[in-house]
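Labels for the chains are A, B, C, D, E, F, G and H, by order of writing; each one numbers its residues from 1.
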């Protein structure tokens, strides 16, 4: 199938601002799905609320646009009740880690076979530019006129500590890398987390004088480095990219099937 | 020992009703006095091939059942006061997206943490108005275990019929007390499943285009039809829209599909109601006291009866007006500050002949409590 | 891998929002924004078919059509 | 008897509630009666006082609480002090000699039995004390058929412990019957 | 340019009111259309030495302000529909523990995510019944920026006076529209602070023992008196209790301290009300349309006026009955399915002469919309 | 002051079951406070809901018994509005990490000067024995009649990844160690997390055949080892005890004071 | 004029809303009038169409929406196509020649000015286009005193950019006044 | 550190719930549960004043009073 077949073209042009990184992530994601040759009917995309969350309206999968921060819990219901479906959950940084932080760590703990994608633009885009738990200190935002004092989460570390069995990071700039990582994440059995740095030129870029979308992408390029790379070794302040965790752990739905097998047997005896 | 007889708690009767109705999926978080519903389903569901999951909180539980319902499953969650408050945002989502689900709220004393192990009926209005924005809801209740079973089956049936969340408003006494339940044979009680679209592959399916009868056939996630579901106002495709016409039509549809069906939804019981001069309107465990009193007084020749409500929302205004038309006085017996009383007053022709017989101290209202008030109303003193 | 030759750069002008990302990152400066702030291929002959413009476009507005030597 | 109202009272660990449930369950499942069983919840469950109300009847039971029990069982002094006054005039008040000293004058038939001591002496397992109490009750009153209680106990108790429980039941029954 | 005049959004007028009332602490989480309240306070609070914190969600925000209030601060949070649903459990906690706090809900279209950027007044009943368990609440509203300012000051004053959460029910139009605000001079508007205990060190302080006038003097956390606060029913020491007498008294106290003061709490405005034959009852932005219509019609000699409600809960039943006593018909103008209409019907002598003039499509109801209905009621056709 | 002076003796005997580890933790805690010679009026204890949460009723501090899972958010309001107060937040494992997980990681991220104590009995005690996110797989609970399949959080790892600047673990058995750790945690400037393994003989013990309280304490002894100890080296399956993190990071209230200083200055100029 | 109703329309990035706010603010803060300003929110903010309603009056203003503007400003073709029909008969319709081709017959005075081109030619910064539009409006109508608008611009604009904005304002004013 | 000598082991019988923790862990078996399931010091003379019973008691029911040689 062609890449466009995975889109609901009827709703294009989409609602994102010019140069919004979320569009590029959509671009990388449908290419991953296309390259994996997945059936559209076997994919459910569940999203919360935010600019990022609007992504589910644009893909021609089963799509569930839910409430702010809770996408993973709806997704848990979908997946556990129908484990044969592939469940993709793109989330904004606020959606995933402010209001949604608890569901994020618990889904990771259960290692339920869901692919969580954090579209991290370090800002609340949809509501107009408030800081998020991924903004980090020293950032300007509408709710931080004197710059932020909050430290940020490291999504990779948090997901790892919580129990995710696949954890990776890339950016809207590194499109091919992103597609490759997403392919692995989608095929991984267990809870996979992919953090993708994105850009919000409208709010973050403007407030923090990072210029237009292209210059923000330049920063994604210069501010990150592959794990294991010389660049990272030389400058550990760079944000590492790559696959950090890829392990085999009991997956929740499979474990539950064992419970059913046990219970139905016990029942008979 | 008959296979179909059980001596169990009301919470377990609810579980039996859910199993009978065909529950596939339950997500919950423990809270007194509803916990036994989760505990029994944790065993019963895997035994029948269904799924039980204990989530990290009540919000997650509510959202998980909505997700599961979309794959075509019959779903339920159970909670009490504080948990019911937490679920409100997601209940509104289920209203807006018209996803069938059942929420049992075994009421305890409130507000706040309140009185977890004691009885109350304080969440009546919350069941109607707890989530933001205008909408309608179905809420059922029961006073004994046979009815807990029946109302639970009804709740699933109505959720599937009307594509809406249905709230089961039980209370601590009914939930925790043990008494007999006779489980009907298979087929004895009707079981309803959601209407599914008959459209095949390749034919355009409009998930939010009501048929002429107002119903919307569903399509299971994972099936042929891929569509969008959103809690934003949406068009017939399920795609977000704030077109005023679309918004207006959707909101009216959400309200009408319930309010226009109040007669079909209404559930009630009459106890000694013909010729009753004094009518006690009651529901849940307080109805047991009212019936007890009515029996005793009838034995003494007093013309007194009980109208037991089993559906609270949509409020059966006309039915109540009709039944109470000839009463000298109506006593609403409930364990709150008069939440159903206000509805009864709005329903009847003589609101000033409607009185509240209540108790709010965590103890079950007694027949003697009601009798005391009755004597006052009758002008016979205390 | 077959050497690649450009057939056409399709730009959906209804979808393009003129963000300039494709322009900025095209290694051979094939693209420019026109007076209506839409991307256009002004030097298609320089295109090396890297497809980065297509992959990076946030509006999915670009398709790089490639002739593959001899191959269908 | 058309309607019997019972109150079982004691402290958290004594199995008062279980005994109450088994009794009511026996009435429903094996005697074809109606019954309700309810109890006070809360901090009481943590070693404090415990009370369970049972109503057994041929008719429908509405109000499930017991104001004046026909049968009152008190297994701690606290319980006795709190509840002995509510027993229905002419009713039965059963206590265990180890735990309760019957001091007050009560307008009911008071039966004091050394159930706990007998259990320890003959069976040696305090956990079956509550079943022994149940046995005694059945021995004294005709609330329910002894066979029904035995069946109900069998339904509830893990197979390995059934023997033990039956012993306790018998022991209580004998002591109860003898006290008549 | 006068120092005291501003041309600002309603949300900023609310911020100015809060600052005037002496706000010390705000915790919030952004949500349309209330976000500007948080944004402006993020700057204004540190400028005045106060604290602003953006929490991880609405639940956390609500809880944080309760904690801060206990240290003696004047506190507030702001949100809209979905966030208001999430705050309900903690609002009930504030009711139960009697902790002063102000919650602004700038209403948007609901249910669910609904229509975030469009106007609605759908959360009226939720403000009253959103949390579980019986309780009472104060809710105020406003139709223009001067009143937004005043009602915000009033909200703080009432929260401190009655030791209770006070809800400010604004709507999207009022919140986002810009118009003039004149900020009163210091001292021009009365500012109330909570009653603090006069008991000194070593004297037993009973945090939950009401004085004869029903009020409970507070003591700041960190001060001399160490006491317990709990959302469970509690005795005069604040220690958990489920003694029926204690439970009964506490719940009645919580309800009475508000319902018995309905006259002092009631806020309203009359527009052309004397001699009015047709009365529009309205509030918030819809009242602007009603007033607009009344002005126009009065100019044409029609006897029509507006009763503008500024306090919705406790509902000013008697005041509404009195004001509407001589009306030929009452039109309740609101942007929901008739939430205040039901209250007005219950209040007046002729409920069948009460009509709903509403609009629920996300657009502000217009004077023309109301006029159309008025003509129908007058039997003059459409 | 004597240890008993920190108690509200009027409410004793307390409501906990015989042998409940929570009582021992209360014991260790008031000794820590006593040894630190803190003024009772300067301490606020904030708790949620659970058996553990009842601890706040028994101490003679300012005490705030809140709602399930949200104690840290109330505590944040108390602390930020009145930074001179010491704020102690004991929580159950469900309270802290099931419903309360998000507030836990966010308080850690902000590094606000609060002492969080997780009274971990691996079960929901108050509601009668359901499993918790700290139960781990293979445990019997009323909601896991066929044993649990959920993996557990490692509180230490999660708190560390989220940003807590002091992280430690001990048990109800190791009472002196617990008191020492609590003293350090209370005096630490920043968010400190102390996980204390506790026992619920009534539910966990009974369901999982761990015997009476004393035998459960024996398991705490044999199942744990000090970090750096030979025992741990030999048997890494043991649960490590000790102080895992103790670092200096900007504290939230102090950072906020800088914002005020800046804002008021900016205001004048 | 006792009451003026204006609608400003255009697209997201053009600063239409800011211009509307400045105008209304000037009326309130410097001309002692009442004014309301409101706007459509939502996806429109992301590059779509934008509309702002302004009412300026000596009296109290209640209903804040404008049905029939005395003054309509359209800065995109879309805006023109959507709104040109609502202008009050005899009112003013201002457009920019670069963005709008006035095709329809409208019962109002249509003023078309090359504001954007002039801004680019004389100042070279597209961001002050909206201020230039404001200048033109003030040049054409007497909605408000030019001085008031200048003061309002000064209140809103960072000091460094004030000069630039004043230039744009003057430019617009001149073009507007000349068109009379 | 001064050598310690027991003055008295105070056990609050109203608070003691008979959990047996003090009994189980007393290194010198000083304590036992009596017929009412309350802890009692049956062999106080063996007490080495380690205070572990006091520190571990979940009911705060024990206080070990120690005479400190010479010291007040």
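What we mean here is this: a residue touches a chain if its C-beta (ideal position, glycine included) is under 8 Å from a C-beta of that chain, and two chains touch if they have at least 3 such contacts.
Treat the numbers as computed from the prediction; the structure is a model and nothing was measured.
If you take chain C and chain D together, no chain is in touch with both. Listed by label, the chains touching chain F and chain H alike form an empty list.
Between the Cα centres of chain B and chain E there is a gap of 30 Å. If each chain is reduced to the centroid of its CA atoms, chain D and chain E end up 55 Å from each other.
Touching two or more other chains at once are residues 42, 47 of chain G.
Counting partner chains per residue, chain F has residues 16-18, 67, 98-99, 101-102, 106, 133, 146, 150, 256, 259, 262-263, 266 touching two or more of them.
Within chain C, the positions touching two or more other chains are listed as 17. Against chain E, the residues of chain F that register as touching in their complex are 11, 40-42, 44, 46, 56-57, 60-67, 70, 73-82, 84-85, 102-103, 106, 256, 259-260, 262-264, 266-267. Listing the residues of chain A that touch chain F in their complex gives 98-102, 105-106, 109-111, 133, 137, 146, 149-154, 157-158, 160-163, 249-250, 252, 255-256, 258-259, 262-263, 266.
Against chain E, the residues of chain G that register as touching in their complex are 21, 24-25, 28-30, 34-42, 61-65, 67, 151, 155. Residues of chain H that touch chain F in their complex: 14-15, 17-21, 23-25, 52, 55-61.
Taken together, the chain F residues at the contact with chain B in this complex read 49, 67-69, 98-99, 101, 124, 126-128, 130-131, 133, 142-146, 150.
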